[in-house]
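Quick heads-up: structures coming right below.
Presented sequentially are two complexes of chain A, the first with chain B as partner and the second with chain C.
And now, the complex of A and B:
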C-alpha cells in the first residue's frame, strides 16, 4: 500500500445511548485510522456499533440520548468532537459525506432529484458560483453516476432502487468530499444492481481520490472494495488488519472465524452450516472480560475475568487471549 | 418419484389500469418431488413471491393449474381446498412484521391448531405447543413472552413452529433468512434442513441469495420477469449455467474470497417493466447475445437433458 497522509484517526472512542431505564454501550473504546485514498471496512452484525461509529464521526448522534464519553475523532488533525454545530455544518457534505442504507427513504419524495443534488452545492457554495454554474455541475454529476441529465426534473418515485442509490451517491459526492462514509450502500439492492453500484463507487473513488469507510455485514462486499478491515463485535473492534490479513492471514479472532464459517460456501458442498452458538450480548448489560466469551468455543476462565490481550503482528491486531503467548 | 406439487402454465396478471396488465407470473411450469427442495431465485419484481403466494392459494391464479398430490387446487371447491390447505404452509420473510405483537408465543403457535379445530382439549393444545417449541429449539420459558421480547432468530423460529403446527407436507419459505444476521441465518437454515430430514418435508425456497439457494436446494429455478428462464439441479446450474441472465447473476455474486472476481461482466441496464410486456425474450434488452430472432417470438423452455431446461434462442429455445 502506498504511503498516504493520515486523513482520519479515531482514538479510544466510547459512545453510549442514555435512556431513563438503561445505558446502551454502543461503542466501547475503538481505535482505527484511515489514510488518504484508502478504504476501510467496518464489518459486523446488527448491534455491533458500526452505524453508531459512523454517526459519531458525522456528529449526527441523536441529541437526547447519544453521548460521547471518551476519545477523539481527528480529521486532518482537527478533533471533530470539539467543533461547534455551525462549524460541523461546513464539514458535513463538503469534507465528509455519508450514504445511507436505504435509498428509498434517504431522498425527499416531494423535491425533484436535481434540486436535491443542487441543495448540497448551494449550501457549500464557498466560491459564490452562479446558479447556472451550479446547474452545470448538477448535470455533470448525473452523467458521472450514469443517469441522463434530462431526468433531473423527475421525482424519486420515478426511479428504480438502483437509480435512487446512484442519486444518493451523486448528492454525497457533489462537493468532492475527502471522506465518504457508506453505510450498507448496497444491502437494499439486488445482486446485479449491487455489482453495478459497487463498480461505480470504485471508479468514482479512483477518479476523485476519496477515502471511504465502508460499513457492511457482507464479507463479499469487503473482499471487493476494502484495503483495511475492522471486525466489530458488541461495540469493540475484535480484529483489525489489511484485507489480506483478514481473508488469508493465519491467525484470527474466533468471531471472525465464526463469521466466515456461517456463510454457505459456493465452491464446496457442506451438509450443515456452522453457526456461531448463542446470541449477541445485551448492550445494556455486557459481559465482563471478553465480550465474545459466552459464545466462544475457546473460552477460558481468564477470558471471563479480564479484558483480552492485544496481539499484534505487522499491524494485524487481534484482541484475544489465545494469541498472547505467540505474540 | 411422484411429484408432490406441480404447476401447469400458471399465470397471474394484475390489472393496473385500463387494458394494462402486470404479468407477475407468466406461464410457469414447475415440479417438486416429495422430500425435495426447489429453490426459486431472481431479483425483486421477478414474480417469485407471487409464485409462492399462488402455490399457497393466497392469491387466485389467472389461469393454469396447481396440482397438489394430483388434485388441482385452482378449480377445487372451498371445502376441498380447506383440507388441502392444512398440508401447505408458509414461512414469511420478516419475523418482525409477520407476527401479531399483541399475541404471546403460546397464542401464536396455538392459533393454527385452534382455527383448524385439531384438538378439543386445552391440555392437548398446550402439549402440542411445547412439542413444537422443542422441535424448533425455543426454550420452554418463552411460552408467555411476546414477540418484541425476542430477537430476530427466535422470532423466525416461532414462524417456523406456526408453519409446522398442522403437520404439513409442503412448506413455502419466502425469503426466510434475508432479514437475519449471518450467524443467525445459519442456525435457521440448519433447522430447516434438519426438519426436512426428520419430517420428510418438501420445500419451495424463495430467495435472492444465491449462496443460500445453492446450499439448501436440490433443484433451482431462475426467474426473470415472471418467467422461468432456466431450471436445473443445483450443482449443474452453478457449474454450467446456460442462459445469459443466469450467467450474469452468478457472475455478480460477491464471494468472500480475495482477488477472485475483479473482472466481472455486468449486465447493462435494469429490469424492464412487467406491464404488458412485448413478445419475445424478456431479457433481450439487457442481453449481449441478443439477436433479431429473440424479439420475434416467445421462447420455449428446452430440455437439454439431465433435467436442465433453458429458455434461450442460443440453446434452441
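And now, the complex of A and C:
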C-alpha cells in the first residue's frame, strides 16, 4: 500500500456558498491525498464540510450558490477544477463515482432499477457495446451486489432501503471507477443492514481495486474501512493521519479526543454521555484563530488570535497549539 | 389495466344517474310550461294542458325522472321542446366545434406551457424566468374575450390574415385557439415551473448528474417526468372546463358550439336539451379524467401497480 501511486490530491481547497445575505464558509483550505486502492475517511459532525468536499471533487456544487475560491483537485495529475463541463461529464460516473447518503431518494421513482444501472453504462459506453452486452453487464452488477438479476425490471418502491443502497452501489460501480466517494452510505440504514452494506462495499473495493473516500460521522465505520482519516471541523481538517494514528496515537487534537469521548463505553457504568460542549460555530461567521477554540477545554489567548500551529510526526498532522509547544 | 379501465367505465353509470337527477331536479324547481313552448304563446289553454298531459308533464317528478332514465338507457335523450329535433342530434351537430376548439387550445397550452415552464425553472431568476412568469401573469389577467377581440382587430381587421368568425376551415380556429390557449399556457407554465423546481432539487437528479448524464437528459428524463403529475391534472381540468365553458369565446368568434346551445336552452327553459347537453358533457369530462388517471399510471409506477392489482 505504501508504494501505490497518488490518485487524488486535494490542495488548499476553499469553497463557500454565497447567497445575497451571507457567505457560508463551508470548506476552508483543506489538503489531503489518496493513493490507489486506499481508503480515506472524512470524519466530522454535520456541517463540517464533508459533503461539500465530495461535491467539489465531483464538481456538483449547487450552481447558483457554490463557489470554489481557491485550491486544486488533482486527479491522476489533472486539475478537475480546470476541466470544462463536457470534460467533467466523462469523469463523473466513469472515473469518479459517488454514493449519496439517502438511498430512499437517490433513485428515480419512475424508472426501473435495471434501466437506472444501464443508464450509467450507456453514458460511458466508449467501446460501443451492443445493448445485449450492456444488459448482461447489468445482470452481472446485480449479482455482484447480491440482488437477483430478474428483479431489474422492478421499480425503486418495490425494494427495501438496504436493497436500494445496493442498487445505488451497483450504479456507482457500473463503469469500474478508480475512485468511489461514499457520502455517509450507511447513515440512513438500520444497524443490521449497515454491516451488510459496509461488508459489501469493502469486498467490492478489494475486488475492483477502487480507492475510496468514506464520508461518515461514525468512528466505528472508519475503524472498519479506512486506511487514513481526516477529521474535519468547521470546514478545516484539524487532524490527519493513518487510522492507527487517529485511534491509537498518543497526540490528538482536542476535537478528536472529544469525538472519542462522546462514544458510550460498554465497560463503564456511566449515567450520561459525554458530548462536546457547545455547538459548531456559525459558518457565516467563523471565529478568528482556531475554529475550535470556543469549545476547547485547553483554549488559550493565543488560540483565539492566530491560526493554530501545525504539528507533524510521521505524516500525522494536528493543527493545534498544544503540541507545537510540547514537541 | 384493461380491468381498471372497465371498472372506471362502469362507474360512469351511477355518476350519470346522479348528474341527471340533480339537473332534472333543479330544472324542475323553476316553473316551466312545455305546452306553451311547443305550441307557442297564442295556443289556447286547453291545447296547452292537453300537450302537457301528452308529454306526461303532469306526472310526479320521480315518475318523469324514471321515464327519462329509461329512455336514456335506450339511447334516447328526448326531443327539444323548442325545435322539435332530437336532442342527441342537435348536441352532436355542435360537438365537433367544441371538441376542435378544446383539443386545439389544450395542445397549444400543453406544448407552450410546459416548454416555457421548463425554461423558466431551469433558468430560474434569469431573464427567461422573469419573462416567462410575467407573460403568464399577463395572459392570466386579461379576460379571454378581450384577448379574442384584440386578436380579431389585429389579425382580421387590420392585417386580414385570418377570418374572424365561422367554422369553415382550420384557419377559422386559429384565433379562438390562441385566445383560449392563453390562459392554459399561463396555468401550465406556472405549474410546470413550480413542480420542476421541486423535482430538480431531488437526490435522484443529483444521482443522474453524478453518472455523467447530459444536463438536457437530466432535466427531461429525470426531473420533468416526475414533475408532470400536477401538470397533467391541470391539463385535464382545463380540458374539462373547455367542454362546456367556452360560451364567451364562442360568442366572440360566432362559433356554434355546445356552450352556446346550452346557454340558449337554459334561457328558453328547453329542459330536454339542457339535460342532454349536461349528460353528454359529463360523460366527456369523466372520460378525460379517466385518461388523466391512466397517464398517472405511466408516470408513477406505484400508481400503475395499484391499477394492475385491482
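One rule holds for everything that comes next: the second predicted complex is superposed on the first by the 325 of 327 C-alpha atoms of A that agree within 3 Å, B and C clash if a C-alpha of one lies under 4 Å from a C-alpha of the other, contacts with A are read in each partner's own complex, and residues count from 1 in each chain.
In this text, a residue touches a chain if its C-beta (ideal position, glycine included) is under 8 Å from a C-beta of that chain, and two chains touch if they have at least 3 such contacts.
Owing to the predicted nature of the structure, the values given are computational and were not obtained by experimental measurement.
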Fit-or-clash call for chain B and chain C when the two complexes are aligned on chain A: fit
First (chain B), second (chain C), both or neither touched by A:140: neither
Which of chain B and chain C A:93 touches, first, second, both or neither: second
Chain B versus chain C as contact partner of A:168, first or second or both or neither: second
Which of chain B and chain C A:110 touches, first, second, both or neither: second
Touching partner for A:275 - first (chain B), second (chain C), both, neither: first
Degrees between the directions from chain A toward chain B and toward chain C, using C-alpha centres, nearest 10: 70
Partner chain(s) touched by A:124 [first = chain B, second = chain C, both, neither]: second
Touching partner for A:218 - first (chain B), second (chain C), both, neither: first
Smallest separation of CA atoms, chain C relative to chain B, angstrom: 11
Contact residues of chain A, present in both the chain B and the chain C interface: none
Sites on chain B touched by chain A in the complex: 43-44, 151-153, 181-187, 189-190, 193, 208, 210-212, 214-215, 235, 238, 248-249, 251-258, 260-262, 264, 266-267, 270-271
Sites on chain C touched by chain A in the complex: 124-125, 202-204, 206-214, 221-222, 225-226, 299-302, 305
Chain A residues within the chain C interface of the complex: 58, 60, 64, 88-94, 97-98, 100, 102, 105-112, 119-120, 123-124, 155, 157-158, 168, 171
Complex contact set, residues of chain A against chain B: 45-46, 160-163, 190-196, 198-199, 217-224, 243-244, 247-248, 258-266, 269-270, 272-276, 279-280
